[in-house]
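One structure is given below, represented as structure tokens, and several questions about it will come after.
By letter and in written order, the chains are A, B, C, D, E and F; residue numbering begins at 1 in each of them.
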């Protein structure tokens, strides 16, 4: 008999979240029924602490504002291979959103490489909601950098942090 | 407290399966850990019984040969809207495979329309295994029609039926 | 000096509109500032009166319900080459919506062929609104055929006609 | 020691050529330096003699007008699997043109299936010339059906036959 | 009654134009009938004056050589959000060219974000001419950097400046 | 009569090979029957010796381990335009692999630009084997950087060098 933890369906939702968008928030919300636990996981490189538009601390603070109120969701930072982090968390699933066919091509290569590295880990995709498919962190950064108003692109909880 | 059935994660894997391929078999096998039950569901139209290369009966017989030995998988035929069939089966998830970006564009429209019709139903995607991404039923039919050998494209259990 | 009609910017918005969707309605609404007049033009083939899910008369009736209230928009049926119809209407522009990269590839070939046939006619594209990009007539027909509710996909004015 | 014929690089260029276009003509012309012989091969199905816009005889006549003057090119009709026809002709290569990424996705599946059926046969792709990438037989048929002038899309030699 | 400026159809054609290509020149030429005025607008960042292969001054000089002779076209540099620049110029339209489906995916996100920021501004797309679709500034820079001859890719007027 | 060298079919297979993968190895192996000689050519820039994850020397050493045992294959480094290098080697063909439609769009632009620069040089494409299409050097570098095991992605001969 398997111990109860192994039977849980745990997913890691990896990304840079620089910053978290309404698209990320909706993705987790829609995926909650599929998993027993979702780890929103910020990939970073401690050797390059300056990389990114927002600092790791800022990004984590925003993510906590958005996801701490959701049941069965936690927020963590990690370094190194995503599959290694999945094994540490007992996660057999990687969760990713798909917005466009360019996304698809990129994600396919990573998902297949991850599956080759660790055949017990599957990447599960959900297609972004129609109204949110144009939102990505890169565009949000670009608008923010130029002093534009990004409040319609990010979760309500993070607006005061921007 | 929710009744036990509502808490189960049930997925419908819809398709025409004309015929079932190694790609379909691998998709179900890889998705087993994600769901408590998978219904492999052959969409058909009783008003057009001649549609398709193989008859509905042949397709179901092949699917039973492949999936009856897998735990928590059943095979059924259905008519009408996929979301209606999901509701009948208590399924909150539709399972689909993605092989290419052309697939993606097509699937996105259907997934978003299904989600608009029935917001409680999510479509979950898994990317096909690298070695199987070139296999699709249309190519298998074409080779079979011309007398070619399709045994490397279909599950071993269905070879005697072709 | 050019006669006044030649200076007007007239666009033909061709399609099968089988049936008209909220996506078509939004496309015309958003394009109104760009043109002095838009002709919503239903391509058909009088030799195949049975082609299509809705009849030509039904499609025209729906289009009139939607567009007759808009200023500078008219609805017409046409046969033959779209570029010939443009010349009859004094239109130097063809208007088309783009939802996806599959759309793009298809539209590019047609736009470039039309421009080769008639270099004075340009095809102008607008990208569909994010919330409407999943709606296409083919999916609406499919839901309608199976008795599903299509009211959230079509313009309000045509719901009573379905 | 291999007999001299086996060492020749022979390619089959399969298609429906309904009708042949300037794109097909340029593809063969550009591929001549790569092969010792190119067989332009019209796939057809003798059980469906009415299929196609032009008859098989018309299509072959057009192809002969275009390619008979080129050295090392022959024109033939074939039925059945393309890989079988290649084996009959001693061809180890299938030649195909790529115009767009939609083409690519379609061709990839066929090329990989053909390679699985017959590992000794490779499909070789050349990307169509920029000025010809919008030309395809389907658009040419459509213009011809509506009485438009297709002379800028087809090889000069076939204009009198249309 | 609207003041005359508001009724004019003004478009901003934004880009880096590093350097301007024959593709850019053709895009403006083909779009002239659609607008009363087109502002060719070089986006730049005064905090990073070294960014780019050609300096802002060189790029503007080339653009003036190409576009000063066209009626109703002006050339300007701008910083910050494109939608803000449009508002300054009284432009309700952003003009962009589409060459490929990769272009499309990228442009869709930007167009939808711009429309969300400023609903009164529409992005209008024209598909590049078949013979020019392979030309982009990045390839021109790469050839120029290696000492190759770029004269067939750039407007005749800028050749002496390279 | 042509001198014998001109009649040989020589291809340059250019890339950064940082590092060489099983995909590159398979591409050359499958292309051997098509050419009399293949030059695996590492593009580099002597002004930026630090560019790349592996040094030029490491990359060349790996390539020699993989390709020196193959008949009619040589390995070289080059700088500058690929078409210039082709002319130096007497090569009329550039060989490239295609894995995805994103690859295709990128390769099309380069192939068409190269053909414009040097009309006598054709780029010939082969689609990567299904099982290898997820492997690219960028993913291999990423796994290697994080200490993961890349031995299933690179040719057996280079494993000891990593």
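The rule is simple: contacts are C-beta pairs under 8 Å (C-beta built on N, C-alpha and C of every residue); 3 or more make two chains touch, one makes a residue touch a chain.
Everything numeric here is computed off the predicted structure, so don't read it as measured data.
S.K.: From chain A, what is the lowest number of touch steps before chain D is reached?
M.R.: Minimum step count, chain A to chain D: 2.
S.K.: Strictly by the touch rule at the top, which chains does chain D share as contacts with chain F?
M.R.: Touching chain D as well as chain F, we find B, E.
S.K.: Are the two sides of the chain B and chain F contact the same residues or different ones, given that same means over half of the numbers occur on both copies?
M.R.: Mostly the same residues.
S.K.: Equivalent interface to A-B, which of C-D, D-F or B-F, with over half of contact pairs matching by residue number?
M.R.: Equivalent chain pair to A-B in C-D, D-F or B-F: D-F.
S.K.: Rounding to the nearest 5 degrees, give the angle of the rotation that lays the CA atoms of chain C over those of chain D.
M.R.: In degrees, rounded to 5: 120.
S.K.: Express in whole angstrom the distance between the two chain centres, defined as the mean CA positions of chain B and chain E.
M.R.: Roughly 47 Å separates the two chain centres.
S.K.: In angstrom, rounded to a whole number, how far apart do the mean CA points of chain B and chain C lie?
M.R.: Inter-chain centre distance comes to 35 Å.
S.K.: List, in ascending order, every residue of chain C touching at least 2 other chains.
M.R.: Answer for chain C, listing residues that touch two or more other chains: 100-102, 105, 108, 112, 130, 133-134.
S.K.: Tell me, which pairs of chains are in touch?
M.R.: Applying the touch criterion to every chain pair yields A-B, A-C, A-E, A-F, B-C, B-D, B-F, C-D, C-E, D-E, D-F, E-F.
S.K.: Taking the touch rule as given, give the residues of chain A at its contact with chain E in the complex, in rising order.
M.R.: Those in contact with chain E are residues 100-102, 133-136, 139, 143, 146-149, 152-153.
S.K.: Okay, in this complex, where on chain C does chain A touch?
M.R.: The contact residues of chain C facing chain A are 100-102, 130-134.
S.K.: Under the stated contact criterion, what part of chain A meets chain B in this complex?
M.R.: 9, 30-31, 33-34, 92-93, 98, 101, 104-105, 107-108, 111-112, 115, 122-127, 129-130
S.K.: Help me check something: in the complex, which residues belonging to chain F touch chain E?
M.R.: 80-81, 83-84, 101-102, 105-106, 108-110, 112-113, 116-117
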